[in-house]
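Read through the structures below before going on.
Each of the next two complexes has chain A plus one more chain, namely chain B in the first and chain C in the second.
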Partner chain A sequence: MTSSSRFLLGRRSLIAGAASVGLAGTADAQSPQRGGTMVMIVQPEPATLAAYLSVAGNIAPVTTQIYEGLVTYDWSLKPAPKLAKSWEIAPDGLSITFHLQDGVTFHNGAKFTSADVQYAFMQVLKKVHPRAPVVLADLTAVDTPDPLTAVFRLSHPAPYLMMSLSGYDAPILCKSVFENVDPAANPTANKPIGTGPFKFGSWERGQYIRLDRNPNYWQNGLPYLDRIIARFIADSSTRSAALETGEAHYAAFSAVNYSDVARLKANPMLDTTSKGYEMFSGISEIELNEHRPPFDKREVRQAIAYAIDRKFIIDNIQYGFGKPATGPISSTFAASGLYTDDVLRFDVPDRIAIANKLLDDAGLKRGEGGMRFATTLEVNSFGQQWQRQAEYLKQALAVIGIDLTLRSEDTGAWLRRVYTNYDYGMSEPFFSNLSDPVIGVQRQYVTNQIRKGVDFVNNTFYSNPEVDTLFTAGAQEIDPAKRAEIYHKIQKILVTDSPVIWLTEIQYVTVFNRKLHDATTGPLGTYSAFERTWIEH
Partner chain B sequence: MSLLSRFARNRLAVVGALALLLVLVMALAAPLLYPAGAFALVGPPTQPPGGTFPLGTDTLGRDVAAGIVWGARTSLIVSVAATLGAVVLGVLTGAFAGYYRGITDTAIMRVTEFFQTIPSFILAILLVAVLSPAVTSEILAIAVVSWPGIARLVRGEFASLGGREFVLATAGLGAGDARIVFRHILPNCASPLVAVGSLLVASAILFESGLSFLGLGDPNLMSWGLMISAGREVLRSAWWICTFPGIAILATVLSINLVGDGLNEAFNPGLRDR
Partner chain C sequence: MRRLAFAGRRLALAVPVLFGVAVLNFFLIHLAPGDPASVMAGEGGSATPEYMDMLRHKFGLDQSLPLQFWHYIVNIVQLDLGYSFRNDETVLSLILDRLWPTLLLMVTAFILSVVCGTLLGLLAGTRRNSPRDGIISVLALLASATPTFWLGLMLIVLFSIRLGWLPTSGLETIGAFNEGWAYVVDVARHLILPALSLAMFYLALYVRVMRASVVEQTRQDYVTTARAKGQSERGIVFGHILRNALLPVVTMAGVQAGNLIGGSVIVEAVFGWPGIGTLAFSALQGRDLNLLLGIFIVSACVVVVLNLMVDLAYGILDPRVEL
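For the complex of A and B:
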């Protein structure tokens, strides 16, 4: 990526009110300096470093320094070379041929070949990776015609597969390390061996993980840094203080409280960015249980969508971070053409009047105290912000005559109630779109994802054969224009049906020291290697 | 000298009683003062005190004054109900143990010791988390962690009063156990019970605030602890959101303690002159 196009992207986020002053981390006129130690805050401490077994958010910032994927992604969310220097997708979409980089070695000295790719995908990832049942379901074999060529054989065209091959989604493992060992019990789980720019150094439990520069890294001259320290600081104000004193250089995701971001932003030593989260795309939502009347009526669901002021939530509950959501697919997918805002819009000036009329038409007349019906909202247990949002929703829906009672339970009880017992009226979760609608979106709307006991799938009982057919077609369509058309259609139908109410696109913030350069170099952000990151010293 | 005038001799207790009366009036008048409730979004967010909103507004644009008034209601309901629960449970078990002594006494006292060795706030958190946060589970949890103190007090009183002549005389006249316990002994331990019970209300308010602060309060009821917890994140930029509920808790708990001391002195006139 050239610095000028990065500059443009930086400008766009400025317009969106996302990035702060300056374009730090991008477009530096200075040339990189070698050496130095970067201290990043990882919150909370990971339970394991077995990135092939778990997709927990706190693992990847460490493991993506060590494990690499076949590809990475550029700012337009297109695959870019990594361990594969090029690839061809067969016209029928049933095979993908990867040409691998030459001269790559693992940290244990073993040479990287197509046999490692085959073993990693067929023997480890396909068997134990949590997303394999969706992402790798159509992968039937990996052929290795020569050491530098790997051919993926698919039972159906799978365009989403190319979107899930980064070091975060599908880490390439060393065959000799994993052979003849149960992948769930590999001794290198917590001292990983990969091909990446940094090698595992040590792990002081409760304090830090040390990663050392890989001197034999296959990209000559990289990485710039000598060392990365991933520090674990349990208390959020101590984390902010560590950034303010310069003790730590980098904190991504929600390591810094939103309420502290404005203050840290004012610190001349620090800068913030909202870039580097384009492949996660969280959307906050209200789920409506269609088995609980009157949520079986579309008018009622739409009325709720009209009643909520998304801007209010962003400004007053999310400290100004976020963007109103227009539908099931995040606007970050505008880069790949899958997103459209040409759907039924709820942010119209006379939205309250429309909502009241819809409820009147649905036969829900105002009764005693001006209320039409009463229901319960299950409060998301992931933190204060969600309780504030629930309090706001209660007020906003009272305006159109819906009487909400809030119920807050611990995470286990909440998830069991809404995804196993279906004993709820409304719930306020958030979902990540991830790298492709097949992986992050589909699960919530198709009929075969009504799976009792599985968290974060279809628990609204929404079932629309047309939508099911479209999602199946979208998963197998390899022509980007046709694929975009399918997903545009899905967005239109879903927004009109409103099986869930989409509230805001969650915006994460990275806070970093201005001495740190090029820390955010792609849409995977902190889930990609810091090989080009450098520090002034 | 009447009880009231003995109470009035302690000036601080009178001040406490007046402050408490104010809180009580606020709690009763909440629906009249702020009919829209404490959660209503009435103005622009984070307005400093003064002007339309004498105590300012919080991060969602809710009136802090409305929160204080409605929070007083929640605090008083929870604390008084929990204290009553604790007193009833404590008196019954304590009376049983102190009156019958022997194995009953030993068994009940071991149970109270069991409760007293568990850190009470932790136990309350556990109970509310298990029962799911609601006003009834808060009341239950606070009552469950508060009764052992009352039980031990009552047992002590019963043990010392049980052997007195008037009790023996009543028994000799053929009175049943229930009559002796409730007509003759219990009224004689009313004064320490009232004094300790009033202090229990204060600690129940602290418990309630603490639980709400941790997000274990009833999400549908405004509470001072909830206000502090919600305002804590913006303490540096909007001090008034947690300061006023903090003052409310401090003032209420302090005034209850003053009233408790005053009652104690009024019931035991010798105490003051000693």
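For the complex of A and C:
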């Protein structure tokens, strides 16, 4: 007995030793310091902290410190242990067995068991999570043979499910807190209780959310920080100023304007990184309403794709951040083999001549002022950058004889016009591919996603039975090679049909204080816990 | 006594005004396209029709507009401002939380602009066409032509980033957990830049109004009389001219009181000041109708009270004014 516990002790110190060697091997030669407060900028202020009800981008940076998932993801985008220490997927793909960590407690003291997993998935997430109808549609039951084993039962193989189980996609909730309460009206919605490294402290509306260190965290010795403050500052210039003065340590996603990044980079106190966004893969696009002629003609859509200089947008509007998009799937999926650039390419030298010829062939002759037809472009309401891109598009399309009128509205009006009233010709949204094409790509191109009143789905009215069949097959194929082949085929067809014009792959930038270490530890970036993050003080 | 009666009458008149504000705003807000369910779903980037129906039912948006209006009016009469579903909190508690920072900012900016504007205007007006007058007038012209948000950003660049004297934003140093005097000093340090930005435009306006008014009063017969009876220049300025010259400034102050809330939206956004302005902005962006209506009504109350105070001040300054 004594020898075995000594062995355990020895192994633990060995692991700790390995961890510090690992840290030394990466950017930081110093060893982590305990304590301190990290101030991160979250923009805009979240409306709620009910991460199981909303996937709004400003909620997760806070809630992923509190709620944990069954797994997390490593830099190769593979699942890694979190609340589940290991798992087996049945050969037929119809069940997944998770072995859970022992000795985990929720912030309210309740012990974490397989019953919590079952309740979270079957009674809350499956019922109210916005992505459940896609991600959890095939999940029929969660069995709990013992307190530390949870078995997922699936009606079809669902290879994407393992890619959607982090604390961001599928937070594990405490059964006793949610039992007998309407999940859409839980009193802990804004005072979340999870198993994570930080506990909810307080929320001063309009100012900040305070998170405190969880002293009983199941990973011994973690987290290093005493406190995390999520601050809200509405003005982007002031956000940059707060980083420059050291009042804030960390700002992710688009909290800092591209136009400020170069200046902040030159500040010896600050550093930047583009890592930590590998599971979002945003692509900026133009949606074309096929119910508005002449967008029902493929030649017209292709002509628009040819007319746009993606490199120009990146160099002049995105301050050099980003890369040209080749199709519906981001090049970040090259890692899993799902991406291909072997598609119809629009970045050819004689692209303007081709575009003009396509429009001529479509019977759209140049009329007064050299214009062939006029339409509106609904300007994205999420920031200045999109207004500038719209202005560029107006000029670029005028070259091939398309007269654009730009219309700028606020978010509510824009979404209503484009996804409910379909009262638009062209719109310039951006879509995230997320962790798998089933979750982030499919929604925009399949026929059953033409759903009036639902935002960010198929509003172009593109409908192609072949594409529908391929997407269904891709969602259920567990052999990686065969799956890749299916998605390559989809990319080829979609790019040729061009229901959407793909512009650029968005590159986000995190700006952080050099005193802050290990703030970006995986592909989920700011949507994962800062348990290993530490601050020099 | 007459003053009390006047105040009472004005307050009674405020009731139909506030009711009108409530009715007008209710329909104006419903004219705007988009609803909170759509915005909430849009923020998430994906949602099902069932999910959106659930939200709309929860928010009461599946009821007819007249019915929604009836519920709203019944609640207002009972002084119940309703519930913000977006924030999962009652409208009243959201507003009360955010009212005092805005009032603090408004009152500080108001006092700053009236006191400094009056003094500088007096200094300029009593030495017409002197270098002192020239400098003050040119500065006032510049200040009144400077956009508030730009001024705010430039103050941050100078005092926070370059000099490092004052914090960039917020109401207090977060994580410092100051108490007592330390807290008061901390908030005051955070208040300086936003209050200055908000005050500057009206400060400049008061300088110009006050200067013109002082110049005009100086030409009046009573000044000549006072000078003839041998009163000192200082005595003439503070005993006679000041009080008379103040009246146009007070009129202007009444206008400013109403505009301060609007101006504070911009200043609060620039300085991350947790007040009514930023709350209103996020409510508008999120189409949080209940919250927005609540903010309108509370701001209308504040404006009514401020205007009443200005009118009463008018009567005190000039007893000839009939209330």
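Convention: the second predicted complex is superposed on the first by the 511 of 537 C-alpha atoms of A that agree within 3 Å, B and C clash if a C-alpha of one lies under 4 Å from a C-alpha of the other, contacts with A are read in each partner's own complex, and residues count from 1 in each chain.
Quick note on the criterion: a contact is a pair of C-beta atoms (placed from the backbone, for glycine too) under 8 Å apart; a residue touches a chain by one contact, two chains touch by 3 or more.
Treat the numbers as computed from the prediction; the structure is a model and nothing was measured.
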First (chain B), second (chain C), both or neither: which does A:379 touch?
first
For A:390 in the superposed arrangement: first (chain B), second (chain C), both or neither? first
Chosen between chain B and chain C, the partner touching more chain A residues is C
_Just to be sure I read the superposition right, which of the two partners does A:39 touch: chain B = first, chain C = second, or both, or neither?_
second
Practice item. Go through the superposed model and pick first if A:454 touches only chain B, second if only chain C, both, or neither. Key: second
Inquiry  = Touch test for A:410: chain B only (first), chain C only (second), both, or neither?
reply    = both
Exercise for the section: Please work out whether A:134 is in contact with chain B alone, chain C alone, both, or neither, and reply first, second, both or neither. Expected result: second
- Task: Could you say whether A:245 touches chain B, chain C, both of them, or neither, answering first, second, both or neither?
- Result: second
The shared contact residues of chain A with chain B and chain C are 409-410, 413
Within their complex, chain B touches chain A through residues 39-41, 45, 59-61, 129, 132-134, 215, 219-220, 229-230, 233-234, 236
Within the complex, chain C is touched by chain A residues 37, 39, 44-45, 47-48, 50, 54-58, 128, 130-134, 184-185, 189-190, 204-208, 210, 227, 229, 231-235, 237-238, 241-242, 244-245, 247, 409-413, 415-417, 419-420, 431-432, 443, 451-457
So, in the complex, the side of chain A touching chain B is made of residues 257, 259, 263, 315-317, 379, 384, 387-388, 390-392, 394-395, 405-410, 413
Within the complex, chain A is touched by chain C residues 32-35, 38-52, 54, 58, 86-89, 94, 97-98, 101, 149, 153, 156-157, 160-161, 164, 167-171, 174-175, 268-272, 274-275, 278-279, 281-282, 284-288
